[in-house]
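Here chain A shows up in two complexes: once beside chain B, once beside chain C.
Entry: the complex of A and B
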């Protein structure tokens, strides 16, 4: 008996299509209930932009419906404002020192707190060298609509794992959240195109902030401008532009 | 009560562009004939302590007229738009934050409030704010001879006996907000609601096409 047939077929049909808020999918009671088979109840995972309301699934953001087997669905939307999510890594700006925590601006609706002990190798004696105005790459330990967000620069085992305060140099730019997700996707085509240009360092925060450093200021600026223009280009346009840059036309 | 209304609903040509401004989190411009409104949405952002609501977001709507400072007329439009948006948005998902919607009137040639509502909906959608449904605005004018004109121009508005604007939701085509001026009978009101509901179908289809066009590059 295929239970997937009735329930999620409608949703799977819509994968890759553009949906708008208010679109509904009804998962009513199944017509056939098998008593002999002890089939496991199917569980669908609703990602960003989808919401369960009773026996219906309601779309609450406009965007493209995406699907990942077996039953994970989400809406891929282009937006600019970041909403903190637990476990995501972001680039923050230290705005103040308050006692034994730093206040970090990550582009959300409030400031996050970052304890000075949440750095690799930090102890009560050995404080990290972080000043107001510095950039930090950190991940959310607490991100909840009802609580103050909290950042840490260590993973579960106390290692920095690439996180911490940034060194000198480089340039911080802001791009859309959709572009950030495209950059971070495995085998991202934008990243592959960029790798072929010239060596550069990229730090991508889920909050839409991207830090770039290449061997010269000129190259850093080229990479920054290319990234910012990626949002409004189709794949062909982008590849054409990258080819022109490679030939030294720009 | 059975309401009969003319089957063809005429609306002026409308057009829309989303995310045309770089600074706001969401923006849209909406054009209905010669009436044109630009909308910008900021948020969820930090909120002033005095305006903080502990279990939902604070929505602020500002209507900027083409010339001069906002007055009583703009205040009433702000209230109509704000109450409609509050109904459509899922504000409880962003407690203790602020949402600001700025509507700049670029040109007024009738049906301004409905154009403001349409621009607001497109801008909120562009900002990616969680919404339970979409909404659209439809203006109906009743001429001196009792004829219903949808989406009137300013000249038609001036000649009309009554003027009504409805906000219609996309789920059940229910009336979310109504703003009326002039004298009319109950029957005429019901006819206007029915006409607006029919007109809303076309606007919602246009919304969908316009969003699809916007996401065409990431399909």
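Entry: the complex of A and C
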């Protein structure tokens, strides 16, 4: 949406502050249009948590306002319940077979369907080796509130690209969506700290599910418990905790 | 909502971890999770936290006719509610298998063990006895609901106080808590249940399983004991074959755990008693820690106080007069009940009728005069509130002049020389 330089400046000022639903950024009539600035309107891109309503920008979720230059603004909020969104990769649990599809539970309000043919190298004769109870890492092809969600384990060009069935030997835990986003961010602090501890394999689904495997059961349990507890910690507390674990105290 | 299914890899991992004697949250094989017992402001309300499992028990009592077969014993009634609040696996309304099982276990544990002296609950033999009702609500299910329920139920029964009763010949008087202190129930012993879960056909055992361990287990053994090492109830479910030595070992572990838990309950009851005696704030709200992840802090906004008095008096002058209120509290006559008046009628219909009766000019003066008269009276004056608008009611009081507290309801006034009011006659 396009705004004048005035609203953009107000938004930039509020970056890093906590906002609650109902907060508005509006272009008030009394704001003077500076004659010295260029008259070209700047477009601000609304991310999750912000919505345009008329000529105003309304906050829909409570959280911290973040900004990515040049134009993107969004609200960084915390929640545990996942809502299916197209294009996101999630960890699902296969619950049943129904004809030519699998019924997969991803933590949403209904089960998603995953077709047999949506795996790399799968044909009508060559069925994928997926049983009920397996974990699958897939992405959403269809995800809206009117239709049943659909998952696929291949990308646009037909390659698996890391997706598919997996899971032997690891532990699945449930964390909040904020932690998952922090783990998946580029140059994530938490990932760097984890790397210092011990080598482990992580599969992170955007529906709040994380699968962990380390070289021994004890280490897997340690990593799993660490991830679940560092959800609500500040950076210092987390680094302190990781340091204690590294020294072998826990 | 459907419950999340357990994936194959989780099940394999948990079983593998148990074989290596490791539990998901780092406990030892015989360790209980952290138990926290807190009481509410009412007597008989108890909250128990067993790790993340949360349970509430409430005890209440009622005078009823006794059973035909036992005319001089009181009645105990137990009820466990599983609501979807605790877990998406519980459905509202339907009595699931688990609910029936938990109810039966709690009844056997508490009623059949005769932990409460039911004969002391008898008031008039054959006619009136106390019925003690224990309601247990699950607030969060993270495994081992049975243990948490039994702790909550027995702690609530120990905490409960029933109204005092005096029987004089044919007359039975039940005293309210304000008249006489309520008295506790007479409890002989405290049965507590301890749950053991078995894995791999009875090879491995864990005490106090959490929710994921419960989903993976083969069978469950529940032993209810008291601290005097008397077994009150044993129940084995899941159809596993247990050896005699295993059951003996479990009962030894159970006696240790039960004495620890009984100690905890007594300490919690003692703390609650001292808190109530000291007059301090007690109850559920006080026992919850303040968990704040954000505290909204707003800078002080400067306020101009230069001409506050003029502004304030100006506002007051223009504002409407406040509705007349009684400066003294209302004491209904003993024997007269007062149903709450509630909010005033804002339709404007009845008010107009009322205003028609009164002469408009005298309204304000009368109100002020009444208020002045009321202020002269002491607080011990009896104020009558009459809701009946149908008849003219005459109340004879020997000396004191009678004032009504609300202009809008009908009243009969004596002794005010300046004006007389008519009682309203509604057509």
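What we mean here is this: the second predicted complex is superposed on the first by the 229 of 250 C-alpha atoms of A that agree within 3 Å, B and C clash if a C-alpha of one lies under 4 Å from a C-alpha of the other, contacts with A are read in each partner's own complex, and residues count from 1 in each chain.
As a convention for this text, contacts are C-beta pairs under 8 Å (C-beta built on N, C-alpha and C of every residue); 3 or more make two chains touch, one makes a residue touch a chain.
Bear in mind the structure is a predicted one, so any value in this text is a computation, not a measurement.
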Chain B versus chain C as contact partner of A:145, first or second or both or neither: first
Touched partner set for A:44, first chain B, second chain C, both or neither: neither
Touching partner for A:168 - first (chain B), second (chain C), both, neither: second
Which of chain B and chain C A:63 touches, first, second, both or neither: first
First, second, both or neither for A:71, with chain B first and chain C second: neither
Partner chain(s) touched by A:95 [first = chain B, second = chain C, both, neither]: second
Contacts of A:234 with chain B and chain C, given as first, second, both or neither: first
Touched partner set for A:18, first chain B, second chain C, both or neither: both
Chain B and chain C contact sites that coincide on chain A, given as residue numbers: 18, 109, 232
Complex contacts: residues of chain C adjacent to chain A: 1-2, 4-13, 16-17, 20, 22, 24-26, 293-294, 296
Chain C contact footprint on chain A (complex, rising order): 18, 93, 95, 105, 107, 109, 131, 133-135, 167-172, 211, 217-218, 220-221, 224-225, 232
Touching residues on chain B, where the partner in the complex is chain A: 19, 25-26, 43-47, 88, 90, 93-98, 125-134, 169-171, 207-208, 211-212, 214-215, 217-219
Complex contact set, residues of chain A against chain B: 16, 18, 20-22, 24, 51, 58, 60-64, 76-81, 83, 108-110, 145-146, 178, 232-234
